[in-house]
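Read through the structure below, which is laid out as structure tokens, and then see the notes.
Chain lettering (A, B, C, D and E) follows the sequence in which the chains are written, and residue indices restart at 1 in each chain.
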Amino acid sequence: QNNSGSSGNTDGKGDVTLNVGDQKGNDEAVLRAAGQLKNLPYKIKWSTFTSGPPILEAVSAKAVDIGGVGNTPPVFAAAAKSHIKVVAAKHGTSDGEAILVKKGSPVKRTADLKGKSVAVAQGSSAHYQLVASLAKAGLSIKDVKVSFLQPADALAAFSRGKVDAWAVWDPYTSQALRQSDARVLTTGRGVVNGLNFQVANPSSLEDEKKVKAVKDYLGRLRRAQDWVYKHPEEWAKVWGKETGLPYQVALDSVKRTNGTRVNVAVDKPAIASEQEIADTFAKLKLTPRRFSFADYVDTRFNGGLPPSTSAPRTYGKGS
Amino acid sequence: MATELHRQVNSPAKDLGKGDGSGDAAVRVRSLTRSFDGRAVIDNLELDIPAGEFVALLGRSGCGKSTLLRVLAGLDREIEGEVLVPRRKAVAFQAPRLMPWKRVWRNVLLGLDGRPGRAVAERALKEVGLGHRVDAWPKTLSGGEAQRASLARALVREPDLLLLDEPFGALDALTRITAQQLVAELWQRRGCAVLLVTHDVEEALLLADRVLVMDGGVIAHQIRVDRDRPRDIADPLLAELRTELLDRLGVKAPEPAAVHKVA
Amino acid sequence: MATELHRQVNSPAKDLGKGDGSGDAAVRVRSLTRSFDGRAVIDNLELDIPAGEFVALLGRSGCGKSTLLRVLAGLDREIEGEVLVPRRKAVAFQAPRLMPWKRVWRNVLLGLDGRPGRAVAERALKEVGLGHRVDAWPKTLSGGEAQRASLARALVREPDLLLLDEPFGALDALTRITAQQLVAELWQRRGCAVLLVTHDVEEALLLADRVLVMDGGVIAHQIRVDRDRPRDIADPLLAELRTELLDRLGVKAPEPAAVHKVA
Amino acid sequence: MSPVLEPVVPLSARRRTVPRWLRRTTGPLLLLVLWQVSSATGVLPSDTLASPGTIAGTASDLLKDGTLPHAMLVSVQRVLIGLVLGGVIGISLALVSGLSRLGEDLVDATVQMLRSIPWVGMIPLFIIWMGIGEAPKIALIALGVTFHLYLNVYAGIRGVDAQLIEAGNSLGLGRWGLIRHVVLPGALPGAMTGLRYSLATAWLALVFGETINADDGIGFLLNRAREFFQTDVIVVCLIVYAALGLLADFIVRTLERLLLQWRPNFTGK
Amino acid sequence: MSPVLEPVVPLSARRRTVPRWLRRTTGPLLLLVLWQVSSATGVLPSDTLASPGTIAGTASDLLKDGTLPHAMLVSVQRVLIGLVLGGVIGISLALVSGLSRLGEDLVDATVQMLRSIPWVGMIPLFIIWMGIGEAPKIALIALGVTFHLYLNVYAGIRGVDAQLIEAGNSLGLGRWGLIRHVVLPGALPGAMTGLRYSLATAWLALVFGETINADDGIGFLLNRAREFFQTDVIVVCLIVYAALGLLADFIVRTLERLLLQWRPNFTGK
């Protein structure tokens, strides 16, 4: 595979090179801010993508060795028999995964969504959350008018009242709440699993030197996550600069979701909750086949991490 | 090529060549100048053509004849000076300029008022000997055929001023005589003014009331041909005029030319 | 337009018109047929031109002269029959066909072997009286100027067969004489075969060794002009031939034509 | 002295007998064969690009369950409407700026500027202005078509031989007559090229148009397949696009044969 | 009987004095004024489209911190490489299929088919084939450019007057001479139109190309701004695109003036 000439940076030195797929303001930024890129005994070559699915495309094509994504893209990638292995997980609050309505909207409960139009990005974690939340309220996805819109388009439609509700995730949630007269109708708490994953290419995991690098890399990510929890303002500043998010929005998002994440093991409960997502989408005929999510997991990096059900951190009431 | 016209052709404008710019003028040009890239091709030219006069224009290649015609046709307006022409004009250009995307008969009718039928075009084309090419695409015409189609297109109009730029140049002897007759007939019937650019001195003398020689950007010389029609090129007056004109054009021609008749 | 050539021009091919397709033929055509849409414009035509012969081709407009020329130039191959021509040919088309995107002098040099310099083009253009338009774009040339540029382009080549399609049609009397002289000179110097399409019977008689009349898709008539050069159109033989040719072309011409000399 | 003669070889002696359409399918067929062969021999691993056989299977599934035909129907409708709309606007603008200096000064620079703006960036604005119904989808298509036709028709108009315009003028054609009988036919070859590309652009615009609140159409299928990593569906969609492209090309060629028969141009040899 | 005479009005009598470039900026300027006015009067709410003033502020920020100049530099480099690559391929293909019947039969149908495939749909395939470096980005640009140039150059070649080809032949030009002296210059007006659109397509392709592993370039800026709803940055990017479009148009116009000066065509009135 030819992935030379990438526009990304390279860190560290050594014979081994770890190709990492990243999104702007994610892993690279946090590692750098937390000072975790010092004394790297191997090289990291960063590649930046716009969202999770293309990172998994690249992982599957072995254009990168490893990359971080949310809880839904691995399900679709696995359904499409991509070459991926989930190697690490983080657990955070699901408060950022919200269904938003306008402040003056007559919709007060999830059940009121019946017959209303809801914007959602197809195949996103919010898509699953919408299905699950509706089910909890005794509705099916057929009871609402679903408008498939990418976040940017959805914001335009939502702020103009072209749709009644919007199912979305952080930092879009924080941004909409600050900027677009939005109100949270319901969050993903108790509905979605709040997991985030590091996903690697299986053949990279056959290379002993790479495995060593991956192990070290995951360790650094864990330490960086701990740093984020302790330095929300500092991180919000860096993150806002990287992504162009206003500082306030970034800080909201850090306190609501980003900073609450704890490093957990990729264990049975995690696999089961992912399997539930997979089955739900299969029932909706969004994926072509049923499959076992466990086949796409590599548990050897779990180390001594707590179970995936461990509670996320919080910043207390003030957030 | 010398010719004697079959039918009697009378000049409808007996008060030939008053040239004073009076009410019945068809063309009035005062101090016309047209320059290309600073070179004045037409340089302070003066010209009057009374209504109904048949004028032939001779001149060296590149002396500005076509340029003058384009100005008179109202197509070239990057000029200085005063030019007055009738509204109804018809032009046959030096190159045929048929619209390649219209069949010959549609080319003939193009721009005519009152939606004339195909029959009109067919008649006009038959007159120039193109009855069999009515439906052809212009690009399949031979050189002479295209020229005749272009002539037919000019003649079906009923102009007050007919501007013809070497309309018979690519025609053989017989076809040329027929075409000359057609122009003479239209002129006689309609009484329009005609300005005919030609390189054939005998043609000019047989057809025109007045022959102009253009040189140095102006009308350098003109002669009146005061002879009733049909004319005979062996006529001593015409022979003399012919010598005079050829002389003006830089060619010596001591003996009178022969006359030939249509077979 | 009748003319007497200034300089002595001798036919280099004394064994004129053997026409037996022997070794020194320049053109050999056997039962050539060319049809457009089922209409045979050339219909079983036979033609031989010995090397070094000057042949003039007359015929009614649309009778197929240009078509024959295009076949001889090797440009039209949708034919039946056998056609043999030399490799080195030069053509001056009926329309000038200058490349509009090349200045005149570059047009003249186009396709010449051995990267000749601008001077070559300038000399050729000066000869046809276009010394002042060497740098012009083709679309700014007058009709006659374009025709002369096209002629110059054909003449700078050193062909074994020179095909000229009405090359003097748009020229005034004096310019025409100069151009005719140029062709005659090249022919004499190079000894090439020439096929000249023209509508001017006198021109044909003054220049050619043999005059062909095309009609009905074949060479319907041919005459040999057995007269040394320079010729005089008042010469009784030529006058007689002229009458004969005009007759063939459908025009009666009882009296001999006048002769005129270059001033 | 005497020149060596060469024969002028009659064309009829070596006329081809293979019919045109058959010869034109050679290229695409070769491509297909190449694909199958490299799939079969493993030169093209199946996770790089599925083999034609696999693709055919997926395609027949999509056909049988009605997904593909329905999607095509919906998309073709959208394309047609957008095409007509964009065609009218594009040609009108081209006429305005092609025919008058003033029009050119006002319209041309503006269009040249606007056409460089990537219309995908405009999607949020379109949603704000036109909602999330059919309007923004069709607007996107119309936009792409407009610019293509504009550019080619404008160039076509400016390429019309000035001598013919003069001739038309001298024949007494009015402004409208000149447009109808001289300028438009003269610009037709350019317009045809524009039409050809417009069709392709229309389909491309559909891919973006159908990210906006669509649950139907080829573009939607393609986008969903991308989202869900269904490479085989992606390839089926791309093939549908290619087939529609060939169809459009066929239509334009037929139009050209009808409308440009007066043009005896260079046709290669 | 005697006709009514009309004057032929000399053009010099009513020659315009406003210089060309000034007249050409009228349209864009009018657009700008319209925008400012509707922003100021509230017809265009600021959350729909920020006012020119706001945009200018954002633009100057982006300029000052070096983001915009750097992004432009990177993008321009990519575009140039893609342009050259696509240009060479597109023109070569057009020559092959424009100049020979056989080439046409093999190439043209294939290209017509491929060009209908929306290249955005190809991104996953490109990543599989070319990885995530510069290659797929440039390939996307080259692809867009290739098809545009192909189509217009091909049409241009086919539009060359057969009479001139004949003349070239009769002048003893060989195949290459014919291409160089007759076919290519004759196809140049078409190529210019193709070039014009290629430039725009190149920029557009960049928007997609720079979704693949980019952290730089105008397309990346635009995509990131879209992702995070930075309407003002989006508009700045669109304006940069528009400006680059105008620049490209200016370059092509200059080229046209130089290369097509032989063409005395209709220029409107």
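Annotations for the structure displayed:
Everything below uses one rule, namely that contacts are C-beta pairs under 8 Å (C-beta built on N, C-alpha and C of every residue); 3 or more make two chains touch, one makes a residue touch a chain.
Everything quoted here is computed from the prediction, not taken from an experiment.
Two chains share more touching C-beta pairs than any other pair, namely D-E. Which listed pair repeats B-E comes down to matching contact pairs by residue number; over half match for C-D among C-D, B-D or C-E.
Taking the mean of the C-alpha atoms as each chain's centre, chain A and chain B sit 86 Å apart.
Inter-chain centre distance (chain C to chain E, centres taken as mean C-alpha positions): 49 Å. Among the residues of chain C, those touching two or more other chains are numbered 74, 88, 95, 140. For chain A, residues touching at least two other chains, in rising order: 57, 152, 155.
Of all residues in chain D, those touching 2 or more other chains are 47, 124-125, 128, 226, 231, 263-264, listed in ascending order.
Of all possible chain pairs, those that touch are A-D, A-E, B-C, B-D, B-E, C-D, C-E, D-E.
Chain E makes touch with chain C in their complex at residues 163-164, 166-173, 177, 181-182, 185-186, 188, 260-264. Residue ranges of chain C in contact with chain B, taken from their complex: 1-2, 36, 58-62, 66-67, 94-95, 129, 133, 140-145, 148, 165-166, 169-177, 199-201, 234, 239, 246-247, 249-263. Interface of chain D with chain E (complex): residues 20, 23-28, 30-31, 47-49, 97-101, 103-110, 112-122, 124-125, 128-129, 147-148, 151-152, 155, 157-162, 165, 183, 189-190, 192-193, 196-197, 199-200, 203-204, 206-208, 222, 226, 231, 234, 237-238, 241-246, 248-249, 263-269.
Residues 70, 73-75, 88-91, 93, 95, 97, 99-102, 110-113, 137-140, 153, 157 of chain B are the ones that touch chain D when the two sit in their complex.
Of all residues in chain B, those touching chain E in their complex are 23-26, 28, 51, 71-72, 74, 77-88, 160-161, 191.
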